[in-house]
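Which chain is which? They are A, B, C, D and E, in the order written, and residues in each are numbered from 1.
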């Protein structure tokens, strides 16, 4: 579905029809500083191939843009640059990524979005910036990529918040089984990593070599945001590994405590059982049995022993 | 066994006999854009040496092609490029790899397959593409390698599915001993890794330096698929490591639960035993013994205590 | 808030008003070896933009300086170099970092501090060194960065002390739950790492390539301090990982000990219970029961057995 | 001990006496394609220094060759190349390595072996190949190194077999203490690694830069074998790490099972003890005691309860 | 404290007074192949600054040499090279390092030692070698560094011996708590690593680029020794990690054994207690009680059961 198709002349937007002929005409009529911006969402093969002709897109890149299982990358073709990037969103311990494929030509920008949030905001941002920037499609590319990459850091922050939640749970006095959630967060971090990491090197190269001189600081800024997101991911990864190990240690500590309680409890009950057993024996000559206060004395001894053992265990922290 | 031997003239196939003399003739008769494609499966030393002469293959490469224990690699010899690659298939937690050795000459392509699936599909694909491509053996090479590497991602996906199965089992309420399967998947992932990883760098180099200019985007595409498979493998590896750790944590949690049940159970039975023991003592002066309702009162007390302890443990989750 | 604004002429300080016009005048009046040093703390957008004009700071760098969520970095713009660095302080197992953003122009140094300790000391240090150094803003930059990086090593030393505390606790005879603190230190080390590591490579590059020839040994010195701090961090990281593992081993040892005590205790009490049970049986023909010394003999046997078992366990270290 | 000393003229062997004067003469009489091959085993300082003179070996290299504690390496001296490599053999979980030091001059090859298997086979192999190769000492070097490196893969295969044995033991139903053997294999793998890894980079460099053009594919082949051995080692390492972790998990599973058996057993015995205790009480008014069938009824109840509990535990897998 | 100060003329030593004037004179009087060697131990600031003038040492390097908290490094200044290296000694599981700072000028060598063993041996070694070497301060530098680095390997060997001791303890039948010692060795290995690792790259660079041509094989030799020490450290590190894991596995195995002993013991005692409990019941109609051989039969049954259970557990290895 073609979402939007507009020519930007000196930073001013003119909407254009999106059929092949009109595209040809629009491209032919572009001045040196003008450019065409086409936005497509969930494209069919027909839609994309109709546009591919006038823009002379490389057939492999068109296939890639249609497939939507690309590894994040930037690739230079003869006539244009192809970029595959992923929007990332996070909710309820779940990372969702959607692919955005972008063609950057000398006088056009084509964005192909597969699901995920709209790029409308990026277009608005780009339009407001176009006057300050080198008036070209690179500025529009910057706006789109910047809006996507900025969101990476938000997601990283949310992940970090959830990691803190897990930490609190691991180290709380309450018993909890946190390994499931730690594993889940680890899994999502891995998915996040696969969206961010492959992009670092090509964006860095684009920012320092391929981008037009005046646009470089801007793409360097994006490269920096990517690095920050990547460091957050590494840091989250490490924290989760450590949280799982700490969880294991906590479980061990808790088991130790239970073991001691078991020992203490068993001992406390063993005492009356053993003593009562002794006075339950049927020997004929057991003088204590005929004492008037034998029974209460026996109970008192049992009670005293139990109390003594209990207080000993209490004091040494076993109960 | 020589499977197929054909000359492609302007993209059109002409089958050729496969004896040495016919090969010499065929090679001599090749035009600038024509090339010869020979496919061999499970070669005997004789078969391969018979072909090696006319194609002037390097003896070391011929040895490598016969041995079928090569590390995946691409090597340039004076007259041709030698490539060793592995087909990978996966079923029932078991990775199987088979070697395909390929000689790419200026006007021929020789594929030597050791077991594994047929390359017939690749040949068909190549034949359908030859017209669009620079009509040469590189196009055929692309078709063969692409069909093999594409399958890597399928295998990675199947592995990921099995990892998810293991995860479900690890985190299910049911007790299970998943370490055996986790280990098995880890082992297969290692074998998969050894088929994929050594190929990444040489394919990347081939795609950016050695391949003819027009074919580069195609091999870059293969390089990209390899990277994606490699990332999947890394990701599976990490998940399995974490799954094993999480499994250990689960086992610890389960042991804690058993320990608590043991403690609770022991306590519940210790109470009647101790009390009964007391009233089993043979003291002469035990007033409770002669009470009319002594016995039922005693039973009631025992019952009440057991119930109280039981409900306490139940409420605190120990039972 | 503009903290300080001064012109250094041949190493001598002259305070200057900080409004835009005065800045323009001050910049215009600078001789070849003079330079302007402006210090700002917690800047508002207005304050910074007022200064940005006369110094012709790049708008992206100005945004970065205002935001205060930068990754430590050094970036070259056309007219100046932008550096983002973090002051690090540590107390009570808690690392706090504050951002200092620095603009180094041909004849000015602008430091923008977001919270954290004052840079007054660095200014004093710089003033005392200016005569020895190439009289320029690079000397001032060195003084500021040196005072910040020097503190990294102090923090690393304090962290190492705390790690030693944890070690003592882990390996002490007393039972302790150290995983919480180990995890906390690990977390803080991660934060510290993110302040230090990204700076290593750009400072090294600045010290060997970008800095003026005479200043290079000084920045190489800073680069060296960074490397030392980085090695300390790596080392702390490793120690904490190992401490957690050792803690797990200690817990396992302690659990083993408890288990043995439980076994020993249960055995000691099981003996009198079993024997007493036997003599509590109601068989009519139990000759021992009518012996005069049956009861004391029985008690003696029980006592002797308990003592024997106790001493056996004691000797083998189970109790 | 000098083992062998021969001049190869056009690939034909002529044995030579090994005293200094004869060496000088032999070297002086060598044609452009001839070379001298000397083999020494367990050299004394005298032997080696006697040869060092005529061949003008660098004193440092001679010291290295005598000491036999070299790190595997290839080093270029002005007049010759010095190579230190290790033969590796494996039996009974034990890796043994022996050093072979090699001097490659323009017209001689000197091999100095410290213990380990003879290089006779390599010499025979070289002699059979010399005619096909550039007739020079490099061909002889290839033969020696190839015979050593080929054996690395055999050793790796044997290690892999032993790892599989350990795996079977870890995952077998039988209880076993495999950590000792896993550790031992790990230790041997480390020693193997130290023999193989340092050689990879210099052999690769030798194969691509230093070796004569025609010999390069041959050394590239060796480099490839090294890579394969190295990958096997990495893979074995990973498997052993995982086997140890899986072993821990197995131990945990076994302990859980024991714990449950303990719980089940304790419960089964606690029931008759508690009930019998109750009917052992001495209350005067316990109507059941005077029932004719009180005793058998009681036994029946106890038996039924025990059976019920037993079957419950059996069904839930605790016994 | 200035230890020694001598001029070496054509390899012959002439002792010189160490005051500033004498130094100036000595330096002025040096021929092209002569050089001055000054050795200082635990320098005061005055001592070093007195010497710094005539040798025109860079003030930063002088500060570094005084401070004695340098990271091992080699740094080129305009007029000289500054090297910081550490002597390492090991005893009783304790690594001690001392700093040696070295200035290498065109015609002088200045060694500044902070504690640690004397360098006298190195000086003697250098004096005996000077005649064979390019007569200059580089030869002296080689002697000093070689004597320090050689000791690294001794220390590594001693560490390896201690690791083997720990291994024996871990895998011995006797119960031991080895985690403390493993941790301690790990910690010392880390300190050792920090003394060795930072030196590898600069020494390698010095050996291949900066050193005079004739001295390179000698420094390459040092570089090689460093690599060997580094590999030993890596290997020790790995072994310690694995030893800790194996220790955990051993603890688990031991706990399993204790658990089984507990289960077995509890069962053996539970049998007489339960049976005796049954015959302790007060039912009126219990025919066994009045049998003449009831009691001995009961004892026999109890004894037989206990023996049977005992032998069962014994046979299955639980006791």
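Throughout what follows, contacts are C-beta pairs under 8 Å (C-beta built on N, C-alpha and C of every residue); 3 or more make two chains touch, one makes a residue touch a chain.
A quick note: this is a predicted structure, and the numbers were derived from the prediction, not measured.
*Asks:* From chain C, what is the lowest number of touch steps before chain E is reached?
*Replies:* 1
*Asks:* What are the mutual neighbours of chain B and chain D in this structure?
*Replies:* Per touch definition, common to chain B and chain D: zero chains.
*Asks:* Between chain E and chain D, is it the same set of residue numbers doing the touching on each side, over half shared, or a different set?
*Replies:* Both copies, chain D as well as chain E, present different residues to each other, with under half of the numbers appearing on both sides.
*Asks:* Would you kindly give the rotation angle relating chain B to chain E, two copies of one sequence, based on a CA superposition and rounded to a multiple of 5 degrees?
*Replies:* Between chain B and chain E the superposing rotation measures out at 145 degrees.
*Asks:* Just curious, how far off is chain D from chain A if you go by their C-alpha centres, in Å?
*Replies:* About 41 Å, centre to centre.
*Asks:* What is the distance in Å between the mean C-alpha positions of chain A and chain B?
*Replies:* So the centroids are 25 Å from each other.
*Asks:* Would you give the residues of chain E that are in contact with at least 2 other chains, written as numbers and ranges?
*Replies:* Expected reply: 245, 248, 252, 255, 259, 262, 266, 273, 277, 280-282, 286.
*Asks:* Could you tell me which shape the graph of touching chains takes: line, ring, star, complete or other?
*Replies:* Graph shape, chains as nodes and touching pairs as edges: a ring.
*Asks:* Follow the ring of contacts from chain D in the direction of chain E and write out the chains one by one.
*Replies:* D, E, C, A, B
*Asks:* What part of chain D is in contact with chain B in the complex they form?
*Replies:* Touch list, chain D to chain B: 167, 171, 217-218, 220-221, 224, 227-228, 231, 235, 238-239, 242-243, 245-246, 248-250, 252-253, 255-256, 259-260, 262-263, 266-267, 270-271, 273-274, 277-278, 280-286, 317.
*Asks:* Hey, which residues of chain D end up touching chain E in the complex?
*Replies:* My answer: residues 58, 60-61, 64, 70-71, 73, 75, 77, 175, 177, 179-180, 182-183, 186-187, 190, 194, 198, 244-245, 247-248, 251-252, 254-255, 258-259, 261-262, 265-266, 269-270, 272-273, 276-277, 279-282, 286, 288-295, 298-299, 302.
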